[in-house]
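Multiple structures are listed underneath, in structure tokens.
Here chain A shows up in two complexes: once beside chain B, once beside chain C.
And now, the complex of A and B:
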């Protein structure tokens, strides 16, 4: 008699056949061996670094093989990746991200809204009981609430744009200085199996959760692999935010994402104050051209 | 005349003694509203949903991994012990990478150029099995800094492991399962 677990039976019904009923745990697919003697991937900062600052650096690896971590060396701009660790700014921006979208719908009835309670329950004097004017006052059981929530209440507020930008810079710097930031040349993978990605993260000791960041388009393999996983998230560089950086243990950036972030975050250091909101088209904005 | 405190017609009355006894007996028999009762009611449904959602990892591996990480999380760093011939090994690599441009004191060889730096550090990482982490890369300005980095050993345990191994006073006990 063949004993099969629930997962194996589901695979059988999907048409995988006799191979699905094997009781050994399936091994993740092997990646191709790394090719030797490739030219190193070297990246320098496009935005000039003014002295006395000097660029910080990170290894450039790739996802093609678990051992392929030292493919090249990337220079990172110190005004983005080596800012002083302002934890108060991280707290400000993270709290803002949690609260500005919040609308609390809690609402309770006051003594005027509770049904009933228009008549004086007993006469003012002579009955021996305490004097009351209505059966729905806050003192009564079943009465209205005196100072309760009167929703919907909005907790919307805005933190200045430069503080939010600084929050991102501080978060990136903290990730780099705590050895939780890795740079990768691109997100190409040899297979779209989620187990390969988990095995890679485990072999490179990346931690419980990984945040992968790329600009615009993702290769098919990585999007298919990440779809089934809860601990690995894939986001475009526009969606990078302090809450996600703090929530995930490891951050993996592609070279394109690094260039994008440097350009966008450094623009705020030298821009004019807006005469017109930035949501309208500007000629000198970094994303405009 | 009716007393004003007399309960109105629709008011709730206190349950009779027989009803209270029946309720208590039923509560004793059923698991109740405690955590055990709720788990009995909802527990199986939740497990089914989780398995279907994250079907990538088989159940056995998931259980093992969660149990292992609860007892002791996997170490974030690989342990490294500097070899005996570290200085000579480093010197040979520096001379190989820099070629004729090595200055008098090889420890003063500058690593400003990214190409040379990458070549040297990648070779050392491949040979010694220990790479310079991203946070220390910007500190490696000369070959001497690299030598200083590779001289320091790295442990993959935590301070609690050291405490457990060290000599403790008789009234201090540390239980740290491995």
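And now, the complex of A and C:
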């Protein structure tokens, strides 16, 4: 629409051009384009990922502030963090972990071990009572037990090493797929107050139990904070196991722990069978051995 | 008595002086010769196969041909870089197992059925295990399966 008022003509003479004559509202300035910055990849896989696989990613946060959760991305190896969810292997390894240490000390006395019962209680024939040879036979009150537990009994058995390794990989993959795995750059905390850690876990909705994993040394603040807490556990990466992963709802790994786990778990995919035990030194085995 | 003790003390010091103070022998730590130990330690990782002038090698092995094919499934090589085809028997039944399958196993099973049908098999008995990623065929089809997988590019 064209205006033809005095003010519009004055604007026209001042050199505002056709825009001064039109009645349409001035077009809003173009909204600035959102900056498409890719979040930085803070960690890439040291072991090469062969095609057609590609690494899975997780956000890297930190414990220094409850809202410091999106520092960057970490590449995780798909052969450790994206294996197929074999629940049967999780069951195998978890059951093995419970039972291989079990020694049952239940033991009862047999008729030979119960005190007494050497003499025939009454004569074989003529007394009118049932025939018996000993007062401690299993039929008698106070007698021995016929087929009772004869402990100590060991329930030790071993599951093959690669099955146990696959159990760890499946547990880590399941944690990642269920959004219960968080990666942190380090376990440094601003204070050693357990309440700070509980508040952080509550703010980030981590669940009712948290498992923190780091490599060898822990900062003082986190060790002091976790000491009194029952629902938050701190373990070294060497102590990671399927039972703890299933018991705790959330898993928090540091970048060092991720590198350590990838190196140790992926070695089993390309190793020889042990001609000599791996506890003896080898040329390129990971770890101290 | 005291004179005797003093004499004894002086004689002991003299003797010590004659023999000289026994210093421990000098030694030097060096790991320069540890290489001789390290070359005797056994390797723990399976090495990558070296490049050969011609494939298949005299033993019949071929590496995967080029990049992984663009199929909905993939069959990964074993630890020693072989195709995961295993023949066996259970109570007299001959079985061929194809392991380490990732992706769509049913597509692989359909392609296998087509391939074995082209070989002249009227009815292919196959068992697919999606959880473990394995496929079992009745009969010994090892060499044919391996040739077909190589042809596919795995």
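Everything that follows uses one rule, which is that the second predicted complex is superposed on the first by the 246 of 289 C-alpha atoms of A that agree within 3 Å, B and C clash if a C-alpha of one lies under 4 Å from a C-alpha of the other, contacts with A are read in each partner's own complex, and residues count from 1 in each chain.
Throughout what follows, contacts are C-beta pairs under 8 Å (C-beta built on N, C-alpha and C of every residue); 3 or more make two chains touch, one makes a residue touch a chain.
This one's a predicted model, so the numbers in the text were calculated from it and none came from an experiment.
A.B. asks: Based on the superposed arrangement around chain A, label chain B with chain C as either clash or fit.
C.D. replies: Fit.
A.B. asks: After lining up the shared chain so the two structures overlap, which partner does A:177 touch, if you call chain B first and chain C second: first, second, both or neither?
C.D. replies: In the superposition, A:177 contacts chain B only.
A.B. asks: Once the structures are superposed on A, label A:230 by its partner contacts, choosing first (chain B), second (chain C), both or neither.
C.D. replies: It touches chain B, and chain C stays clear.
A.B. asks: Based on the superposed arrangement, let me know which partner A:58 touches: chain B (first), chain C (second), both, or neither?
C.D. replies: It touches chain B, and chain C stays clear.
A.B. asks: Looking at chain A, which partner touches more of its residues: chain C or chain B?
C.D. replies: The partner with more contacted residues on chain A is B.
A.B. asks: Just how close are chain B and chain C at their nearest CA atoms in the overlay, in Å?
C.D. replies: So the smallest C-alpha to C-alpha spacing between these two chains is 16 Å.
A.B. asks: Show me the residue ranges of chain B that touch chain A in the complex, using the header's touch definition.
C.D. replies: Touching chain A from chain B are residues 4, 51, 53-61, 74-78, 114-115, 117-119, 121-122, 125-126, 131, 133-135, 137-138.
A.B. asks: Looking at the complex, which residues from chain C come into contact with chain A?
C.D. replies: 38, 41-46, 67-68, 74, 79, 102, 131-133
A.B. asks: Which residues, counting only chain A, touch chain B once they are in their complex?
C.D. replies: Interface residues on the chain A side: 5-7, 10, 25-26, 40, 42, 44, 54-59, 69-70, 72-73, 75, 82, 121-122, 127, 176-179, 181-182, 194-195, 198, 202, 205, 207, 228-230.
A.B. asks: Sort out for me which residues of chain A touch chain C in the complex.
C.D. replies: 51-52, 84, 86, 88, 267, 269-272, 275-276, 278, 281-285
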